[in-house]
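The next part holds the structures, each set out as structure tokens.
Same chain, two partners: subunit A is paired with subunit B first, then with subunit C.
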Partner chain A sequence: MRQLFSFSLLSFFSLCFAFLATAADYHEQLVLRPLPLSALLASFNFRSNTTLSAFEAHNFRFFPRSLGQILQHAGTRELHLRFSLGRWDAESWGARPWNGAREGGTGVELWAWLEADTDEAADHQWLTLTNALSGLFCASLNFIDGTRTTRPVMSFQPEGDHPNATDTNTHLLYGVLPHEVVCTENLTPFLKLLPCKGKAGIASLLDGHKLFDASWQSMAIDVRPVCPPGGEGECVLEIEQTIDMVLDIERSKRPRGNPIPRPLPGHELHCDTSKPYHSGDTCFPADSTANQDWSLSQVFGKTIKGTCPLTDPNVPPVCLQVPDARSVYISNGALEKKNQDGVSRCFEIEPETTDFELLLPSPEDLPADNLQAGQEVENIVKPETPLLYAERSFTGHGQERGGVQTILRNPSPDKEVEFIYMESLPWFMRIYLHTMQARIEGTSPSDHDPLIQEVYYRPAVDRARGTQLEVRMRVPAASTVFLTYDFEKSILRYTEYPPDANRGFDVAAAVITILSPNKNDTRSATYNLRTTSLLCSLPTPDFSMPYNVIIFTSTAIALAFGGMFNIIVRRFVAADEGPEVSVGSLKQKLIVPLRRIFARVKPGPR
Partner chain B sequence: MSARPPIDNDTAADSSTVPTVTQDEDAVIFDATTTAAATVTGTGGGTETRDSPAKKQPPPEEASDVRRRTWVILSFWLVVVCLGLPIWWKTTTIYRANLPLDEMLEWADGKACRPVFPLRIAIQADSLHEQEAQNLLRLTQHALDDLNDFSGHHLRLQLSPPPANDDDKPNQNGDDTALTIRLVPGEATTATLDPYAPILDITYPPNTIPSATSSSSSLAAYVANQLRSTFAEEQAIISYLLSTNSMPSEHRPQGLTPEAAESLSKRTTRSLKYAPTYHLTFSLLTSGPLPSSWDIEAAIDEYMKPVLDVLSPIHNFTIDTQVQLYATPGVQNQVLNKEDLSSFVNAAEWPLSPSIGGAPTVNFILFIGNQTIGNPAELAESHNPDNESTASPSWLIPQWGTVYLLSLPHDTTHVSVSTLKQPLLTFTSHLLSLTGTPQSGSLPLRLSTLSRIRSADLLLRASSTLGSLARLSLALPSISIPSSVADGVSKTMAHLRLACETLGGAEGLEHARIAEAEAERAFFEKSMVGQLYFPDEHKIAVYLPLLGPVGVPLVMGLLNEIKAWRKRRRDRAEKAAAKKKE
Partner chain C sequence: MNGGKATLGRTAGLYLGAAVLRLALFTLFPGLPDLLTGRVEISTPVTSFKRLQEGLFLYNHNVSPYDGGVYHQAPLLLPLFALLPSFAALPVFTYLLYIAVDLLSAHALFQIAESGEPGASALYTSPRRDKRWSGFVIAALFLFSPFTIATCIGRPTSVFTACAILHAVVKAISGAPVGAMVALSFAAYLSMYPLLLLPPLLLLSYDRQLPGRATKSLAQFAATNIGVVASVLGMLFSMSFLITGSWEFLPSTYGVQLTLSDLAPNVGLWWYFFVEMFDSFRSFFLAVFWLHLSAYVGALTVRIRRQPLVVLTLLLGIFAIFKPYPSISDMSLFLATVSLYRHVFPLMRYTFLVASIIMYTTFLGPAFYHLWIYAGSGNANFFYAITLVWGLGLSLLVCDLTFAVLRDEWEVERPEMVGKEIRQI
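What follows is the complex of A and B.
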């Protein structure tokens, strides 16, 4: 909890800075946190503001013009866009960064509050917004159509302040593209939105090769209006760009010129010498991966190119969360400041510095006396236990029916967790709502004290909209709950299959919003998480079918017609009465007209 | 099977392997050919002729059977022709709305409308008597008509009543007066254009007033010359526009020299396509981290707003500004030469995306860096004919915008209004050039000229789009023409007609604009393109498996029936002949 607290404290402080110093309209920060199993979490955060008056006058300074234009054109009040890849391994990495508020499910996720008078107008603006964003971010966001758009009721709450918004003219729309593959073409426009363009400051570390090689990564863009508390001062429009990535240190350190892993020569292997069978030719790999040393240039391929001159000087650009006992080497021109919590330190970089390098030596390299004491001291900050673990999978077999099972585990020994579970399913998965049930592991579903407290369900309409299912439920302390329901698979039309139909259809991640235990504000979320996306296989036809059908029916019709026609029209006689047919007669039939033609042609020229 | 006698078995086998040649007509034909073969080949036909006497003839067919077969074949063909073909035709035909092709081509050829710009010029001569003024007017009109060689551009003089009050603003009586000439007695004959209003001040020595009887007057000739030179550019541009479009040669004005035509073509290609709204984007691009802010709003208000206000009857403007740091230009040379200028704008990296509202975007880039333009005078000559800003380190990119290079001290963090003055003045003059404003004359005159040029341009553009659409529909018979296209065409033509009637006024511009938009919409109708990619091979692949096996028995049946019918007729004729002989 302590680390989580420090993390939120840090973001809280930076938030305060943003409020206090309106002159500093931009700040950026990179938080590095080594994770167990040789992983490294890097959280990049860029935040810039513009006053609403400047925004409405189309004067853009830190706020990107290309995005601002789109927001104005589509009447967007608040926007959240996520590009994610990979899976957050909660069992070993613990709680998610930013409490899960800055991540999306695999693929692209977009939700926005639009200002429109009617639902139709909102849909129209949503279409404009997705199409424009699709062009800006080089993503297939324009495929977010009616079937992939839902209007969540309970799951999402606006993050910004909307002073003069009413419920009737603000519409929340949510769209998700689980199939979208996030890649470098999405990173480039993302970097272009930054004031320093990835040429200076922490953004200079971002490189498509490393980012999309990560075990898990999430790019987020959040635009929200923020008004100073108390009502004095002008409201600002804040854009926050976040990139979180979990790098496998071992993998990242592999040189770029030699990216293929090859077996190490025997003498370079780290062996666990305590094993009884250890000898010259047997080696049990030592679990030294947790204590690997790394430097910025090793894991990111480059160093930080100075600081962005626009950034708020009060916010240190780089922070590292390791126990204070570990020593860190930094390049000249930077200053280390240890925070009071004992598990994090920040680095201030002087403006003239051109390259900032940070090296975290492995604990083995430390002097011996430190190591002695370090047996008890953790080498890395122990990850925080998340409030809830969630896992979702398909059950059942066959091409016709299936089921979905979500396993929700509450690790806390004494606290109950209340949350909203949201699914937006494609229309071709028709769920049977009556089969939905939640049961605690080891017990049968019971009526008293139900786990499911509230269900919001909007059934799918074929080819027009998807299923929207929001369930408010709770998981008692230290127990595991199974949420299951069954569904039926529809048969698609021939043209509705994608080119790679046999791969299956992606089903978007379920969004779990954990509500604050404080009953007074049940609406506010304390922690978000998303399950992995699923791959649903539908019965897939053979795609040469139409041509086969044409040929087959034509042949059948021709056979039937030919037979019938001949029976009606022809005269049947005995075999010896009919004309004689043999090869010789056929030849004669052919040769005679040909001869006639030759005879006519030959004398022609004379 | 086994119970049957073997001879039956053989017959069945024979008839099943050769089912198509068991007809009696065939037998007859067969006989005919074998005899023919026997006569032609002589000895070779021996084998066939030897067997023929042994052949059994089938019993003669009953007449009712023959008739029934005829009916069967006829009814099959009746169904195919009367039901099958129309259904096939109806379901596969492509909808083509009726377009008034002739009329459209007429518009494109300029036969439907002759653009005429009647310009009314008021003469205000308070110091002259009515009679004298009328006389002067007549003489001047005469002189003008003599000078004018282009009938499309017509200056018509009229006497304006003396203003009731003494304020300097004419045009109170009507907006359609293009220019007011104010005749004031003075020392010598001089002419000056009022810079703020469409007024030409002409002073004249009192003795130059023509008498009532004189047929020529130096003052009249002078006024006529002045008027002509004032409108010379407009006339040249309009005649250039007409000549580049497919106007019939008799309407084409003469006297446009190739050099003049070339400079005009340069200027027209530089100007943006007409749109009611333009979006102006001001970008401060810096090669390094500084400066990162500018007083652009105040600067625009001070230096550019007046011109935008003046242009507002013709165009609306929306403005946005942005600051972009660490912008790398496309060319890294310290000194830029002429070739570098075209690739200076780094389109891949600079976020200069056009506005999404649909209005064309004009980009004004202020680039802070230490690059300079080599030999600015020469470049200015070719890129920037406006003499006012020869030395400015800027260049105009046709139909796109302007780049202005500014070098500032390294530690400048803020660009002030005074620093922005020169760039913004340059941007303003380039904006006028980008909108296609003519370059000579006072500003109000240039603007009224602009609106006339734009109407003519839009009118011609819409006409030529109509022509293209007509030619397209003629050239591609397989293209579908939905009714929305026909709608658009009729709307276009209605507005073109109105525009043609009211050419030169504000209404004319509006009609021409609507006509152009409708014509473009009709031409770029999406559903017209879809049918194009349905190749004939595809159709054959779909039809052949069905039509082949069905069509062959049908056709063969018909052919055999015709043969049989002809044979029957011949037999009947022979019989009749034999009867006659008897």
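What follows is the complex of A and C.
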């Protein structure tokens, strides 16, 4: 809990900066947080803003011109773009950074509020936007077509202030590409949007080799208009770029001296000696304590190249969340400041510093006098428990039909969680809504109050539109709820399968938006999370034989038609009646015309 | 088995037995209905009971079931099933409805058989007509055919269409052309393809008009009755419009059959052909397939003018093979009507072959489907091959029946040729 406080404190401070200190229009911050099981969460946050009047006058200073022009052209009021990879392991890493507000499902996710008079105009602008962003970010965003676009009604709320917006002219569109592989070519344009282009400041740590090697990473771009509270002052357009990544410290450090992954020798393993089966030849890896020593250059491969000269000097560029008891070594030209909460500290880097290095020694190396007698010091900040755990998987077998089961667990002993569960499914998964049910583990569905409170469902239309399912439901305190429904897999035309048809089709992550327990506060979502994406295998035809199938079927039809035609058209006669059909008569029939032809071709002597 | 005098008590016992058997299957094997509903041989995208339930669920929750890709069935089925007690709570009412529909179909077959129409139509009397099965046997063959029982347990909505078609025939034979047209309109409304049965049905009811109220001119009769069909269909469509509030049910029910947008596997020939079809030729071949399906109507109606019921039977067989979403329920209807022609069976040449093919495909079809979809040790070609054989076997039966009927007609002109070798020129 303390830790959440510190995180929200940081966000609050940065928000305050964004609101009040409009003179300093850009700041950046890196928050490092060691996680259990030798993982390290690195949260990069870059925020800049421009006044709306300057934006509309095409006056760009910190706001990237390339993106700004796209937004203006497509009439976009608010934009959220996510590139994500991997899976956030909530069981060991706890709650998500930014309360899940800056993460996306695997692949690319895009949602935006567009200003348009009609739905068709909004669709047209959405097409413009996705195509332009596709070019800007080198991603296949142009494949977000009608079948992958939905208009969520409950799940997403605008983050910015839209004083002039009405419900009729602002359209929320949401598109997702679960199959997209996020990689280096998406990072380069992302960094180019920054004022320092990744040459200086914390962005100099970002490197495709490390970022896309992470256990989990999410790149986010959020553009939203922010108006000062109370109505005085001018509204600003704020762009926030966020990169969150969870690095496996052991894996990141590997390339130094031992580039090939090899099993550690037995005496170097950190074992959990409390396990009953622990012995000389069995080892359960111990968590948290192992591999908690690292330096920036070890895990990122380089050091921070000074500070970005444009950044707000009041915001410390690097923060580290470890208990105050642990000591941290930093390079010259930097200043350590411990925060009040006792679990975080920030580092201020002097402008002329060229390299900033940070080293966190292993807790075993701590001087003995730091340990107070009889009290065990925690080496890392204990992760906060998330409000909800969600796991989604397929049930059933075979390529004909199946089911989706989402297991939602509320860890809180006394608080009920209310949330919106949103799925946007491809059209070839035909879901049967009448089979949807929610039940608490260990009971039958009829035993308790309805868990599902409201359902918004827009069924799929073949080849035109995907399924959109939004369910407002609740999970009582300390219980596990199973949400299940059936679906049928349809067989596609053979040209509609991708080249790797038997790999299966990616199904986008379900988005869970936990609502604020305060009923009046409908706008703010307190916490977001996404399940993993799924892989749905459809029945496949034989791709090698379209010609054969056409020929075989045509033959079968021709046989039936020919047989019928024969019987209907021809007359019956006794076997010995009618014209003779024999080899002789056939020969005669052939020879007579042939002779005639020969006679014409070879005129004999007269 | 042959020619037994059907008393009322025996027939009632037969119906009771069939009903009890079905009810027992429904209740003693609770997993069986859902298992059979999931079989592609029984449930097609346009008849599936599970899709009907989904449509009903959406209808009950004020979501248009036609604004989606799941429900492709007629709108009037929705209020019908909404009137029944909820299937989830009291499934027995649905079971009873399907059993009743089966019994109604069987009774219609009973009446057709007892009318003597298959052997002796208005314009033609077969010399072999005495060698026939009674209505009791026909009804029993229909009710206890494994295809019919499986269909009833699987609860596709095609049974309603079958029942309407049979009742249209009964009405036509009994001299009630308007009733026949109304029943046919219902069948056409439910599944569209029965509209192709209109020409032979018109002829059948024209031939069987009651002497007192007969219309002499065929053209006038046809115009009147086509008007009846059109007005009943118009009424049904406007009722559907009132129920669903828009015309979007038209593309979603009939449009799907015309364009085959849902390629779910079934026993027919269309699905795999259009899975593998090149995109640029898709609409051309759709047109060709529909043209092929409707081409038989005119030819058979003209050629077998004297026996319109034969034309109806043959067309039912052709539809069971070549329509976009056929299932074994169409097959069971066709086999039941074929059994009305017991008297021409001796003239058929390939009965053993056809019976073997039907048995072969009935057993291998599900096995190959399992290999493809579940075991993964076969591919789509396995099931496709079986549907090809199934189609070929059934078309052989259709051709053979045509041959037998035509030869039967020919032998009236040439009585001396009975039992002799013949050929066609």
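Note that in this section the second predicted complex is superposed on the first by the 505 of 606 C-alpha atoms of A that agree within 3 Å, B and C clash if a C-alpha of one lies under 4 Å from a C-alpha of the other, contacts with A are read in each partner's own complex, and residues count from 1 in each chain.
Note that a contact is a pair of C-beta atoms (placed from the backbone, for glycine too) under 8 Å apart; a residue touches a chain by one contact, two chains touch by 3 or more.
Everything numeric here is computed off the predicted structure, so don't read it as measured data.
Enquirer: Once the structures are superposed on A, label A:Arg595 by its partner contacts, choosing first (subunit B), second (subunit C), both or neither.
Expert: So A:Arg595 only meets subunit B here.
Enquirer: Let me test your reading of the model: by the given contact rule, A:Ala478 touches which partner, first (subunit B), second (subunit C), both or neither?
Expert: After superposition on chain A, A:Ala478 lies in contact with neither partner.
Enquirer: Which of the two partners, first being subunit B and second being subunit C, lies in contact with A:Phe572: first, second, both, or neither?
Expert: Both subunit B and subunit C are touched by A:Phe572.
Enquirer: Touching A:Leu535 in the superposition: subunit B (first), subunit C (second), both, neither?
Expert: neither
Enquirer: Examine A:His58 and indicate which partner it touches, taking first as subunit B and second as subunit C; both and neither are also allowed.
Expert: Only subunit B; A:His58 stays clear of subunit C.
Enquirer: Look at A:Ile557 in the shared chain and tell me whether it touches subunit B only, subunit C only, both, or neither; answer first, second, both or neither.
Expert: Both partners.
Enquirer: What is the contact status of A:Lys199 with respect to subunit B (first) and subunit C (second): first, second, both, or neither?
Expert: A:Lys199: touches subunit B, not subunit C.
Enquirer: For A:Gly398, is the partner it touches subunit B (first), subunit C (second), both, or none of the two (neither)?
Expert: second
Enquirer: Identify the residues of subunit A that lie in both the subunit B contact region and the subunit C contact region.
Expert: 550, 553, 557, 559, 561, 565-566, 568, 570-575, 578-579
Enquirer: Considering the complex alone, what residue numbers of subunit A touch subunit B?
Expert: Result: residues 57-62, 64-66, 68-70, 73, 132, 136, 192, 195-197, 199-200, 308-310, 547, 550-551, 553-555, 557-559, 561-562, 565-566, 568-581, 584-585, 588-589, 592, 595 of subunit A touch subunit B.
Enquirer: Residues of subunit C touching subunit A in their complex?
Expert: Answer in residue numbers: 38, 40, 50, 53-54, 56-58, 63, 67-70, 261-265, 269, 271-279, 292, 295-296, 299-300, 303, 321-322, 372-374, 379-381, 384, 388, 391-392, 395-396, 398-399, 402-403, 406-407, 410, 414, 417, 420-425.
Enquirer: Provide the residue numbers of subunit B that touch subunit A in the complex, in ascending order.
Expert: On the subunit B side, the touching residues are 10-11, 14-15, 18-24, 26-27, 30, 33-34, 36-37, 40, 47-48, 51, 55-58, 61, 65, 69, 72-73, 76, 281, 289-290, 292-293, 296-297, 318-327, 349, 351, 353, 355-357, 541-542, 545-546, 548-550, 553-554, 557.
Enquirer: Give the list of subunit A residues in touch with subunit C in this complex.
Expert: Spelled out, the residues of subunit A in touch with subunit C are 397-401, 427, 430, 432-434, 457-463, 490-495, 539-542, 545-546, 549-550, 552-553, 556-557, 559-561, 563-568, 570-575, 578-579.
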